[in-house]
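Scroll down for the structure; my scribbles are underneath it.
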Amino acid sequence: MSIKLFMKSLWVFHLNSGSCNGCDIEVLNVFTPYHDVERLGIKLVASPRHADVIVFTGPITRETLPKAIKAFTAIPEPKAVVAVGSCACGGGIWYDSYAVIGGIEAFYKILREEYKVKIPPTVYVPGCPPKPEAIIYGIAVLRGILRQKQRRTYFTEKEVPELTKDLIINIEKYMESKSRKEIYNGE
Amino acid sequence: MLYLVTVFANIVALLAIAPIIDGIERKVKAKLQCRKGPPILQTWYDLIKLFKRPSIVTEEYSIVYIISPYIIFANMLFALALVPSFTRISLSFFGDIIVLTYLITSSSILLAIGSISSGNVFAAIGASRELSLTTLSKLLMALTLAIFAVLKRSLMLETLFPIIPPYTLSAIASIILFAIIAYIESYKLPFDIPEAEPEIIDGILVEYSGKSLGILKYSMYLKRILFFTIIVYLILPREIPMLLTPVLYLISLIALSVTYVCIETYCGRLRIDQALKFTKTLVPILLVVLIIAYFNY
Amino acid sequence: MHISTTKILDSLSKYGKIEKVHENTYFVEVSADKVREVSEILHWKLGGHFSVTVGSDERPINGYFKVYHVFLMDKQKLSIIVHVKVNPVVPKLPSITPIIPGANWHEREVHDFFGIFFEDHPNLERLILPYDWPKGVYPLRKDVSIRGLRSKLLKNNAESEGKRKAEEEGYIVPIGPYHPALHEPEYFELYVDGEKIVDAKYKGFHVHRGIEKVAEEKLTINQIPFIAERICGICGYTHNVAYCQAVENAAGIEVPLRAKYIRSILLEIERIHSHLLWFGVLFHLLGFDTGFMMTWLIREKIMDLAEVLTGNRKNYGLNLVGGVRRDINSEKIEFSLKTLNYVETKLRSVLDKMLKLKEVISRTKNIGLLNRNEAKKLSVVGPVARASGIDTDVRKHHPYAAYSEVEFKVPVYDEGDVYSRALVRYDEVFESINILKQLLKNIPKGNIMADEVKIPEYRKGLGLTEAPRGENVHLVITGRDNKIYRWRPRAPSYNNIPSTLIMLKGENLADAPAIIASIDPCFSCTDHLVIIDIKRNIKRRIRLKELARRRQC
Amino acid sequence: MSARLHILKEALRTGVVTKKYPYEPVKVPEGFRGKPSIDVEKCIGCGACVNVCPPNALSAEIDLNKSVKRIILFLGKCIFCGRCQDACPTEAIKLTREFELSTLTTNDLYQVVELKMAKCEICGKPYATIRQVLFTAKSVPKDQRPLLLLCSECRSKVSAKYISYARW
């Protein structure tokens, strides 16, 4: 039920938890004339009370963690999260720093353990910074208008030439005899 | 019986049109900013979504914070019943101008008290701004209505309405002044200080969410419609055939809102004291017009 | 009264050994008790200005802590770094804040990260590290490794710690259970009396991500430009160039002229887009949304230009130590000239009309005043300094990249209010456009990467650039096996933010956003204000505290 | 007043510029740095890209009992800088011009390439992927090629014996 509610009108609350502002400007760029998201019924709202969707940018730093938790819980229930930028999706370049929680996954882990909060549907928009069109595409995926193109791919190598001394010594002959495709065939 | 049905039909039609007028305003504003802008029904979609959402309430709420949106909405409905809109028939009775001013003033004050009682600092700041601004603008509104009453020597909205036929200076001046005050009342840009988004985060509406926010927003649109209808009917001559009034009314309504939006898109926001200074300069002008109207010059 | 370089150098040689690191950059070794005297001479008498204090833990090398005070002498195009040894057992050093108030934050930061105690510093509390950071753990010391740091600290839950700390010191926990629209987590507490601002306190540094520790421990020399670019999302490329120049100066690498031209071209593109962004934010804060939309509409063209030249709208990722990764062919040059002409004509017709609007003028003229003396005391940089009458511009006074080959004017106003800062930025946009035209027209041939890049260990280097908000200073000490030993980037807002506390006093609450935005701290989010109303809520103050704590949601 | 009219005229002259993005594809310039994708045919699992990636979005993982090496690309940490493309010896990893990468789970942001590893003849420990051995064999003179079949420790032991013979 929750996502169907946002098909026509979606109010966004933008939370920058330690981002370098590259993504925040792209999030704001989305409201400017070239990409104007108001035609899709999206409005930037100033208080989490009014918001339906929270846009996370930045790899939640330790300082903003308590504030991010408060803002997250202050949004009325049928809510959704859009993680914009590589920092929010997986911690980006700051992943190992001591002062950073490391993206939305770690934030959800903290929320699950300590606050027992239900995790809302989330869209991850990688990019550093993602183009405004990528953010619009993310919201279209959240709403279900478009299916996501990016899928997990797992390639395992099947047949492999048996390594022997003479194969190694006259590798050139081996290379010509078989076209490149067969040598490195795979699933 | 038919009388009540038409008034009821009037109100229902107005309830339907108010968000659409706001949708048109947002569309025109976007077009003026080189943007495509939202569909006309966008405000309706927002309201429907808001009504479906639960509203979070802080622990220390007071009863005023809960019921004020509903009372404000009721006030607006009753005010709209007083005013003739699509048809000339309305619940007008003797002395309904005074009732009208009370309705509008009470709804603003209630809004301010409601947001103060929510205990949030931003709401308090927004409310104090709202109170300082509304006291002045309500005074101006009361004065202009007094001018109309003096001009027409009656306290009944019905007789008031086509104020133009005697083309006196004061009549025209009062209409222009009423248009300015309607602009201030409708929270259009230079004066949308209580709701100043970037400064104090939607000041007044900051603590409301979900259903109550929807109702508050709805009543704001109704208030705009109310002022527009009063302006339109001040000018509309009485002799127009019965069938033509609704169409003419609708067109002039849209025209009026479009002009207001054109003014709004190109104005920055005034500081609270600058806004007060501007409204203060209006008071002497109104008094002068009142005196002239008295001698119906 | 132009003092010659030689005169400065021998007046300094009295205090300690002078070592010339690279062209017009000198390191002066000074003993601890002379630090104050030397700083006073450099900052006040010889007309230089203090720019950054860098601490570094050099115990593995020579068994000492080191503190570097960097002074830039604009008139003589010189940069002088006063460095002092601090003995590791009792790390103590006389503070220079009493003389130069601008050094207040810098010394608190060195205290935070290295535990060096500065004698009679006005308030040596914690500045950058999160408030629940355990005492005694100094992250930037060499013996603290990044892996152990992370897991150990996450155990204690930040939330409960935050509340407990609030009671101890009677802080006002941020009022309101929610977190207002946070474009950037700056955090101004304005003490308000009715609508007038009485006092302001800045509790910032939410965006502290431990850049220096990550760079020192995990990244190699050619990976750091990419993290340098992400220090600030708007003027990231200036940090990138400053870092590369610091390493190139330290290692004495000669960058080919064509690479310098490409770097300057991208720097100016970034300046234009940053200033246009600032105009949009200012109009948005003054409620004039059409201005916001129109300026960002024009700015979109600049972002497309950057995308064509570098492959990404914002983080250009173009620099490596010793040169540039991508070349510019003639077709791209002609595309950029076409865009620049379009942008210039549009800006000429729209932007100055917007600045002449009645409400914009009435809400920015003589508001947020910062006179010349205050600006000098706080050693403010960039447009904020140029609007208060101080003529500092790294492109003119310490030319880098290809700026010595182009002529341009540096706009200086002396009213020192929000409107004059807008005018400074307005002139600078058109200055940048004509610089870009000169650069694009006579870009020389040649390769874009220095042929042989060899970086010896333990060499010191200073990199300076003029970011849209002021001067960037990067101090680098190169390390062993392709890593950096110590890297301190200092963004311009670091010097500018303290000046807002002076500008805000006595002003009207509704103007606070415009004032804070006027120094353009990265991407100013002025929504994030917590207003503590002094007069009316003495009674409420207590209630609010309970209210904030009891309120659950 | 004239300033406002002038801005109005300017705005009307530029007209509506909104791109109808989700319903019309958007043109991306040719040098655009989009999603890095590994070409499974060319990748030899050498890990050059893993060393050079600033946010280490690319990581390598060796599974000893299945003697398999996995190169894992996690788009959630990738900053799209293109350093991996410069470092790859066989141009296997390339930045495409794809930027619509939003997904509903972080699991979808992974690309994994699993290559079989060659076992050392003497100690039997997997030391490099078979493709990498074949790739390096080409550039090694013929007589030393058998050494490639040994892991680094055995190889140093064996070659040390060679040298001692020679000196004798």
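We call the chains A, B, C and D, going by the order they appear; numbering starts again at 1 in every chain.
What we mean here is this: contacts are C-beta pairs under 8 Å (C-beta built on N, C-alpha and C of every residue); 3 or more make two chains touch, one makes a residue touch a chain.
Just so it is clear, the model here is predicted, and its values are computed rather than measured.
A.B. asks: Comparing the two chain pairs, does A-D have more C-beta contacts than B-C, or is it the other way round?
C.D. replies: Output for the comparison: A-D.
A.B. asks: Would you mind pulling out the distance in Å between where the CA atoms of subunit B average out and where those of subunit C do?
C.D. replies: For subunit B versus subunit C, the centre distance works out to 48 Å.
A.B. asks: Can you give the whole-Å distance between the Cα centres of subunit A and subunit D?
C.D. replies: Between these chains, centre-to-centre, one finds 20 Å.
A.B. asks: Can you give the whole-Å distance between the Cα centres of subunit B and subunit D?
C.D. replies: 62
A.B. asks: I'd like to verify one number: the distance from the centre of subunit A to the centre of subunit C, where each centre is the average of its C-alpha atoms, in whole angstrom.
C.D. replies: 29
A.B. asks: Which residues does subunit A have that touch at least 2 chains other than itself?
C.D. replies: Correct list: 32-34, 36, 39, 45-47, 49, 74, 92-93, 128, 131.
A.B. asks: Residues touching two or more other chains, restricted to subunit D: which are they?
C.D. replies: 4, 7, 11, 14, 16-18, 54-56, 79-80
A.B. asks: What are the residue numbers in subunit B that touch two or more other chains?
C.D. replies: 32-36, 56, 198, 201, 266
A.B. asks: Assign the assembly's chain-to-chain touch graph to one of these shapes: line, ring, star, complete, other.
C.D. replies: complete
A.B. asks: Which residues of subunit B touch subunit A in their complex?
C.D. replies: Interface residues on subunit B, with respect to subunit A: 26, 30, 33-39, 42, 45-46, 48-49, 52-56, 197-198, 201-202, 205-210, 213.
A.B. asks: How about subunit A: which of its residues touch subunit B in the complex?
C.D. replies: Spelled out, the residues of subunit A in touch with subunit B are 5-6, 8-9, 11, 32-33, 36, 38-39, 41, 43, 45-47, 49-50, 52, 74, 76-78.
A.B. asks: Going by the contact rule set out above, which residues of subunit D touch subunit C in the complex?
C.D. replies: 3-4, 6-7, 10-11, 14, 17, 29, 31-33, 52, 54-56, 79-83, 86, 95
A.B. asks: Give every residue of subunit B touching subunit C within the complex, in rising order.
C.D. replies: 32-35, 56, 58-60, 119-122, 124-125, 189-190, 192-193, 196, 198-201, 265-274
A.B. asks: Would you mind writing out the residues of subunit D in touch with subunit A in their complex?
C.D. replies: Interface residues on subunit D, with respect to subunit A: 16-19, 21-22, 26, 35, 40-42, 54-57, 68, 74-80, 98-116, 118, 130-131, 133-134, 137-138, 142, 145-146, 148-149.
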